[in-house]
Each structure stands twice: as structure tokens, then as C-alpha cells.
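Notes follow once the structure below has been shown.
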Amino acid sequence: MSYQHAQDNWFAAIVIGFIALAVLVNIIRARMGAQLYIRRIPGLDAIDEAIGRSTELGRPVTMIPGMTAFGVVAVQALTIFKYITKQIARFATPMRLLSGDPTVFAVAQEAIYDAYNEAGRPDLYDADNIRFLSDRQFAFASGVAGLIQRERVAASFMFGEFFAESLIFAETGNMVGAIQIAGTVSFTQVPFFVAACDYTIIGEEFYATSAYLSREPVLLGSLVGQDIAKLLFALTTLGGVVAATIAGTDAPIIKLLGQPGGWDAFWSSVLKGGGQ
Amino acid sequence: MHMLTNLMAQQTIWQLPEGSRVLLATLIVLGAFVLILGLVPVLQTLPPRGRRAIIVTVTFLAGLFFAAEFFLPVDWTAIFPKDDPKRNFLTPAIQPAQNVLQIIGALALGLGTFGLVRLHLRNAVQRRAQWGYSIVLLVSFVVMATLSILNTLAEKEIVERGPVLKRAFSILFDYTLVQLDAAMFSLIAFYIFSAAYRAFRIRSIEASILMFTAMLVMIGVVPLGAFISYTLLGLPEGASPEGANFLTQLEHSIGLPKIADWVLTQLNAPAQRAIEFGVGIGGLAMAIRLWLSLERGVT
Amino acid sequence: MQARTQTLWQRILGIDRRWLYLILFVNIVTFLVAPIRMPASVSPPVQKFHDEIEKLQPGDLVMISSNWSASTLAENQPQLEAVITHLMRKQARFTIISIEAQSRDISYRLAERVTKEKGYQYGEQWAHFGFVPNLTVAIKGMVTDLPGTIKQDVRGTEVSKLPVVQGVKSLSDYKMIIDVTPSGTVPIWISYSPKNVSILYCPTSVMAAEAYTYLDSGQIKGMITGAKGAQEYEQLLTVVGLGTRFMNAISFSHVLIIVFILLGNFAMFMNRLQQRREG
Amino acid sequence: MDWLLEFLPRNLDRLSVWIGVLCTLAIYSLLYRENPVYRFFEHMYIGLAAGYSLGPLGVDILYRYWIEPIWIQGYWAWAFVVPYGMYLYFIFSERYGWISRIVIGTLIGASAGLFFQEFSSRYLPQLNSTLQKPLWVSDANPDMTYGMMINNILFVVILLSVLTYFTFSYEQRGPVKRVAIWGRWFLMIGLGAIFGNTVMARMALLIGRIYYLLNDWLMIRVGGG
């Protein structure tokens, strides 16, 4: 059940092409000045409140991308942390960024340095505040739990991909009374964040976060494209189940819509028809 | 193209001749270091715009390689032999490309470790608060790194695995590190209890739904659920008989284990799938923006 | 705001979490030791597992692959104990193999204890092959030349000199492979082991979901899922083992959590009521 | 007396049990509060973990993918990979820092490019399996029961309403808002189910540890018999 190449089912190429088009067209539209809307995402409004509290108490803010391996999710998490860092730079609030992946750690160094620079406070940047603890899941968790308790952090931001250790972070943060905002694409960890954090950003909200925070036209435009893509998924689902109801689950159309190897029969019939 | 792969298989241009391989290889590696690091002063003369152009180009090319390999048709049976049809001309290069990423990952690990050691060395040298613990970390790091590297080399049969190495490694890895893993992992059991106690209150509709489903599943998945449903309440166990009427069917499907299973497979699965679709689409849009350097993200 | 003494309900609501931790700990210790039995309903995969072993003749050879260590002890140890007990009952011979030092030590110690109780002879009726670093390579090797691949057992005896595998040249001389594991090793066994050898599977509860397709297709002949499956298995064997104890402790920890959730809600309700009454 | 003799760390096997117990108790002390013992073990833990990784994830990878191909097999072109990767180390330099971004750019580009395959193989089969859910018992699907029909309809309804909740670019109001709220409630059902289902696995972890303390350390026989 997996795709090595687009040819395993050309529907993949069609879907990706459609989504890419929808995203790019709307990015261009946004750049040309179209006014785009984004709905409220409650947890994100609390970021400023959390930063404010940290500043008041003079205790640090932690940013935890967890064990997220370097990739699209990690870059998004770092983009969010960069935004948060720009905010705290204004008040010179202390921060710690704790990563469990060395590549993410390396990129985070750059991102945070940039954030302080862009906020006009390069003097506040201290490389020691961006830390790689361990790439071993629970060694990392023990380090984070210890640090959260020792430094009695006032606000904790957890963004990225998380595994079983999520609850260790969230509960220790809760113990010291930190305001906690978590955002993750890992569905299985969402319930634990919901139970232990003040606000939880779920699923795709994670990718909408940077658009919401920065209101950059490119990101808002992309979001419109993403909504169109979801509409495509919804319509495909509706159309597909109706087709399956009428013609049965073995109907050729169902095979064409994303079943690995589903186009083989189609191609062979076309090729045979053409060849003879 | 097939000829080219054949050529590569015979190793005429890519492979050094057998005889003086070690010396030649060493020279080439040294040359590569001089060449690549020698580029740095040249790169440094670029204006900011040129620097950005290089980064954007490199990003695009790296993405293009993997994207093209995925999208290009693979059944070029005229070019490739029939027994191996699932590839295009880029496919043979995928494994080497993955290896390059692995090597960069290993170098990044060196970077991360360097950062960790530097922080704690500074703590120790400058006698910052709690510097004693930094010493603990450094000592355990040095000892374990030595043993672990020796152990890896012993696996490659480069060094001999003496009894001391074997014992010491086993004590530090099997009896310390693994035990610490298990202990830290099991802490979650305590935390799951306190989190449930605190959070599962009938405060809002959402919190109540969360609480009731969690409790239902919790009871349903352990034998106690079966005990309550089948022994105490006397509900019929197992699947309902063929052609049974609606009431019998209902009776057979309201045991707690059945309901818990139904919630997990029929109610949880579509919600999870919807989230997955959103995450996939969001990730795809992000990947496109990063590939084309459309957003001022982290680079 | 003047300081007021807390009511009982407020105290319950604001209970120090350390009390919760202590209560959970004590609860688990109690139900681990307490001799309470709760009947389990035996699920089809466990029944199939049991029937498959019942088919063994005395002297048949079984390979047990044991890859768990400290973290998943509560799920995998009851499985391994129950399986070995059943194999000994059927007078089958068995050998154990692991993929890392950790799981080798833990499974060797366990098998030694369990076999000693029933008077099973090491070397004659069972043996431990130690650990192989790469499972795929090891299975491929064992299929062509078993003694040459393993070389020595865990006690340093040459495999070719062990009576238990006397005359065994290949993995295909075995009747059955039982994989007791917390990780994804079973696809490797399925892919590389000889087709005439049937495979049984003992995963943790988290891993079990992915295995149902193999069960449907008959690539694995039976499955014991976590401690819960072990309890069902023990019931089939009519013994009270670790599975029953562990499952008891798990069941009652669930009860504890639910009781506390209800208590918390009740306290919240009463507290509100009281506050409203006080105006 | 016999018990005490057995209990004490009199040989290496026993000592290893004691070490394991010490580690466990030190970690558990965090439950009471952060303390010097925990701190000691935490730092030791991170040191050990960092040291351990260098073997399998550092030396092993470099040996297998770099040293072996060049020096033993003679594929000289690999020589350029490590110096290029070394650009990453310029990160610590203020002046040359930007050079590390070339390598980071490579990594970002690669992960973006790889995402196309990940997207296809992870999400499209899921989409396809959603399509195989007929909503009505009919001749086209002879094996279907009324139970399956209800489940299929529920599946599609939940999927679409949760998907509606996750739209961002317009104001959700009227019927759309109602659907989105339902979507969020369905989501909570899913989350509750996962919570409840995970409790068992986590309790098993703790029971494993407690069993270790009781059985291996205190030598209290639990179970069996």
C-alpha cells in the first residue's frame, strides 16, 4: 500500500498538481493585494498573554520542538518559535529552546539569531540558550522535565511532532504553573496536550499558525489554496461513496481514485486498444 | 541510460584502481577538503543578494531531484530491462542521495554534541551555578562515548572486543541507560493519572465528551468491562447469530468491550482521518512554499 | 479576600498530585500481590495460538524469538512465560534467540527459572542461542546453515554439539517460530523464514493493530496481545501466571482513575452548590 | 538472614539489579520534587545518551557511508560530501554563518521534495479506502449489512464535519458553523477514545517497573503458581 512513484497511481500527480496550482494561484492573488481573511484560532491569541506573564515574573519561556526530525514539520515549528522570539526580544524575556534533533538544533541557532536581529536586539542572543539535549527520547524528556522544574518556567510552547514523552513535558509544566500552548500534527498526542495544557493547536491549525501570527500575504494565500484542496478531498469522498453505492466498491472509478496500482488495468486496456 | 549504469557498475570512472587505492583516496579526500573549504573565501565575497541566490538555487535543486524522481514515469521498458521496471533514470541515484543526507545527519549530531559539551564545559570552567552537575555530565559523556565508539569499531572488527570493554559497555548501556529509559517512560503512568483527574471535569460540552469517551474506553478495553457486561449484566457474548432480529443484534453489540471497540474504530477513525488529511494538505502547501523559497521561513 | 479554611470539597479538588501518585503506586502493588482472579473472555487469535501449539508432537522443535527488555516487561514477560509453560507441557524442544544483549539476558534468565521448575534440561530440551545483531541476515543464514550462523550458544557451547539441535541443519527443520516482541520484527520473520514453518506472534498491545492483516492472510497462525492476551492464554492453560496478575493490576488502575474522575466531578459539583448557597 | 544475603549486591548480577533500582528510584524522586539526586541522574543520563549516540549514529554512519566507500571500495566522489557537510559547522561563526545555510537549504529542499512521495503514500490510500464505503444496501454491494451501512454513513458524516472545522480562510457562520462545531465534538470523541486506550499501555509500563522492584530487587515472588 505505498507509492514509490507517481506512476503507481497517476491520481497522486493530479491531486498534487491541483493543490500546488490552488496554493500558487492564491499566493499570487495575495501578493497582488487581494484582501484575505483568516478565522480566529483561540490558542494563538494566548501567546502574547503567556509572554507577558513570563516578563512580569522574570522567569524564562521554553520552546520545545520535541523529537521532531528535520523536515517540513520542524521548519514550521521553528518559524513559530522565531515569531515568539521576536515578541520576547522586545521585553528581553529569557528563553530556552530545547531540541531533541541535532539538525533542528543547528537550524534553530540560525532562526533564533535572525529573530533577535530582526527585532533589533542582537545583543540578547545567547547561543547557550538554544540547546540540544539528547536524541534519545527519554534522556531528552528527563532533561526537559528537570529544566522546567529547576528554572520554574512561566510559559512553555510546544510545537512540532511529539511522541509518548509529550505528557512528561506538559505535566511538569503544569506542576510549576506555566502557561502552556501546544501545537502538534501527532494526532495520538493531542489528547494529552488537551488535558494538560492551557491551549492546544490541533492538526492543520499547526500549519495555519504562522499565517495567523504574521498575516503575511503569501501564507494567507496559501491557506486559501489549502481550503480549496480540502474541498477537493470532500468532493472526492462524496462522489466516491456515491459511486461505490451505485456501482459497488470494485468499480473502476474507485480504483482510479488513488488505489495503488489502480491505473494498471486502465493503461493495459488503453494500450491494448491502441496496439491492435 | 542502461549503458551508463552498466558503465558505473564496471567502475571505470568512479572507482579508483585496486593497487594504490588507500594513498590515492587519502589524497583525493585531502584535495576535496582544500577545494570545498577553499571556496569559502570566494563565497564570502558575494553580496547578500548573491548569497541568497545560492541558497535558493541549492534548495530548489535538492527538492527538484526528489520531486522529479517521484513524478517521472517509470515504465521506460525500452531503456530499462523488463525485470526491473519500477524506476526512471533518477531512481538509481536515490540511495546515494539518501546516504548523503545520512552523512550530513551524522555531522549534525557532531554539531549538537559539540554544543552540549561546550555549554557544560563553560559551566564547569566558569564555575557557574550548579557546575558540579556539568562535570557529572561531561564525565559520563566521555566514558560512554569512548566505550560506544570502541564497541562500534569492534562490530566492524577494527578493534578487538576485550572482556573489559564488553563488561563496562554492558554495565553502562544495559544496566544503566536502558534502566533509565524504562524508568522515565513509566513516569507517564503517574502523569496520565494526574492529568485525567485534573482535566476530566464536566465544565463544557467538549470536556464532558472527552471525559465520557475516555472512561468508556478505559473500562471497555480491560477484562473488567467484559466482566460487568457479560457476567454481571448477563448480556450475550460473541457475535449475534445469523439472521437474528434487530433486538438480538442490538443485545449482542452493547457489551462494553464491543462499544469501546466501536468507538475506537468507527468514531475515532474518521476524525483521525480528517485531521490527517488536513495535516497532509498543510504539509504539502508548506513543502511547496519551502521548495520555491516563497516564504521567509528559517533561512 | 480573607483567608478561609478550605472545605472538604475544595481540599479534594486541590489535592496535591503527590498523593495521587502514591495512591496509584500502592494500588498497583496491592493488586499485583492480591490473589484476585477475574475471568477473561478468550479472543479468537489467542484460541488459535493455543490450538496451534496443541498440535505439536513431543520432541518437535520450536524457535522462540525474544526481543523485549525492561520497558515492555509487563506485556512481554507474561507471554513468554505462558508460551514456555505450554511448550514444556507438550514436551516440545525449543531454542531462544534475541536481537540485542538486553533481551538475551532477560529471556535467558527467565527461561532458566521457568525450565528449572519443571525439570527441563538445558542443552537436552532447550537452549538459548544468544543474540544476533542483524535479524534479516541471521534468518537468511539460519535457513541455509543454522549451526554455522549461530556458531555458539549463550553458554559458549558449539551449536553443532548441542543435543537439542542434534542433526538440525536449517531453520526448516523447525516446526514453529514464536516471536515475542515489542517492535516490528514479525514482518522480517514472515519474509525470510521457510514456508513450512508456522509463525506465532506475541506483540505488545500497541503493535497488535497492525498484525491483523497477517492474521487474516494466515501468515501468522495466532496472536497473544500484551498482558491481556497472556491472561486469556493462562486461562486456557488453567494456570494463574503473571498475565493474570498484571491484568488485574491494570484493570484496577483503570478503576482507580475512573473513581477519581468521578470523585473530582462530585467535589466540583458539591463545591459549586455550597458556594451558591453561601451566596 | 538468607534473604538478606541474597538481597545484597554480592555479585555482578546482583549489582546490576541494584544499579537499575537506583536509577529507577532516582527518576521517581522527580514525582516528589526536583532534587539533587534526580539532577545527578538526569545529567548522567544525558551524558550517557549523548556518548552512546556517537557510536551507532556518528562513527557507524560515517564509516559505512563515507570511509568504507572511499578507502575500501574506492568510490572517490564521496570525498566531497563530508567537507560540504562541514559547512554546517560555520553556524558558530558570526561572519561565515550564512555559509551553513547552503547546507540547511539542501536539507530543506530535500525534505520538501521527499514530501511529495510521503503525501501520496500516506494520505491517498486513506482517501481511497474512504471511498470504499457504500452508503446504502443494494445489489451493487451484496455483502453489506445494515450495521455496516450505519457505520459507513457515520464515517462519512464525521469525516466531512471534522474537515469543515479545519477550514480557515472564511468566516464560519450559519449552517457551516454548526457543522464545524459538530466536527469539533466528534474530534473530542476521537481524542477521548485515544486517551482511554493509551492508559492501558502506560499502566503496563509502570507495572513492569514495579514488578522489577518487587521481583528482581526485593525478591518477592509475584504471580506463577
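General observations
Chains: A, B, C and D, in written order; residue numbering restarts at 1 for each.
Keep in mind that, in the parts below, a contact is a pair of C-beta atoms (placed from the backbone, for glycine too) under 8 Å apart; a residue touches a chain by one contact, two chains touch by 3 or more.
The shown structure was predicted, so the numbers you read here are calculated from the model rather than taken from an experiment.
Put simply, the chain closest to the centre of the protein, by Cα centroids, is D.
Chain pair with the highest count of contacting C-beta pairs: B-D. Spacing of chain B relative to chain C, judged by their CA centroids, is 26 angstrom. Chain geometry summary: the mean Cα position of chain A and that of chain B are 16 Å apart. For this pair, chain C with chain D, the centres built from the Cα atoms lie 21 Å apart. Shared interface positions of chain A, i.e. residues touching 2 or more other chains, are given as 4-6, 16, 70, 72, 75, 103, 106-107, 110, 127, 133-136, 139, 142, 187, 191-192, 194-195, 202-204, 208, 223, 226, 230, 233.
Within chain B, contacts with two or more other chains are made by residues 70-71, 104-105, 108-111, 113, 116, 155, 173-174, 177, 179-182, 184-190, 192, 194, 196, 198, 200, 210-211, 214-215, 218, 221-222, 272, 275-278, 283-284, 287-288, 290, 297-299. For chain D, residues touching at least two other chains, in rising order: 20, 27, 30-31, 39, 41-42, 45-46, 48-50, 52-53, 57, 88, 91, 101, 104, 107-108, 111-112, 114-117, 119-120, 127, 130, 156, 159-160, 163, 166, 187, 190-192, 194-195, 198-200, 203, 205-206, 208-209, 212.
Chain-to-chain contact here is organised irregularly, matching neither a line nor a ring nor a star, and falling short of all pairs touching. By the touch criterion stated above, chain D contacts chain C in their complex at residues 20, 31-32, 199-201, 203-212, 214, 220, 222-225. Taken in their complex, chain A has these residues touching chain D: 1-6, 8-9, 11-12, 15-16, 36-39, 41, 70-72, 75, 103, 106-107, 109-110, 113, 127, 133-136, 139-140, 142-143, 145-146, 149-150, 187-188, 190-192, 194-195, 202-205, 208, 211, 220, 223-224, 226-227, 230, 233-234, 236-238, 240-249, 254, 257-260, 262. Interface of chain B with chain A (complex): residues 69-75, 86, 88, 104-105, 108-113, 115-116, 119, 122, 177, 180-181, 184-185, 187-188, 191-192, 194-196, 198-200, 210, 214, 272, 275-279, 281-290, 294-299.
Chain C meets chain D in the complex at residues 18, 21, 24-25, 28-29, 32-33, 70-75, 77-78, 81, 204-206, 226-228, 240-242, 244-246, 249-250, 253-254, 257. The residues of chain D lying in touch with chain A in their complex are 27, 30, 33-34, 38-39, 41-42, 45-46, 48-50, 52-53, 57, 88, 91-92, 97, 100-101, 104, 107-108, 111-112, 114-117, 119-121, 124-125, 127-128, 130-136, 138, 140-141, 152, 156, 159-160, 163-164, 166-172, 187, 190-192, 194-195, 198.
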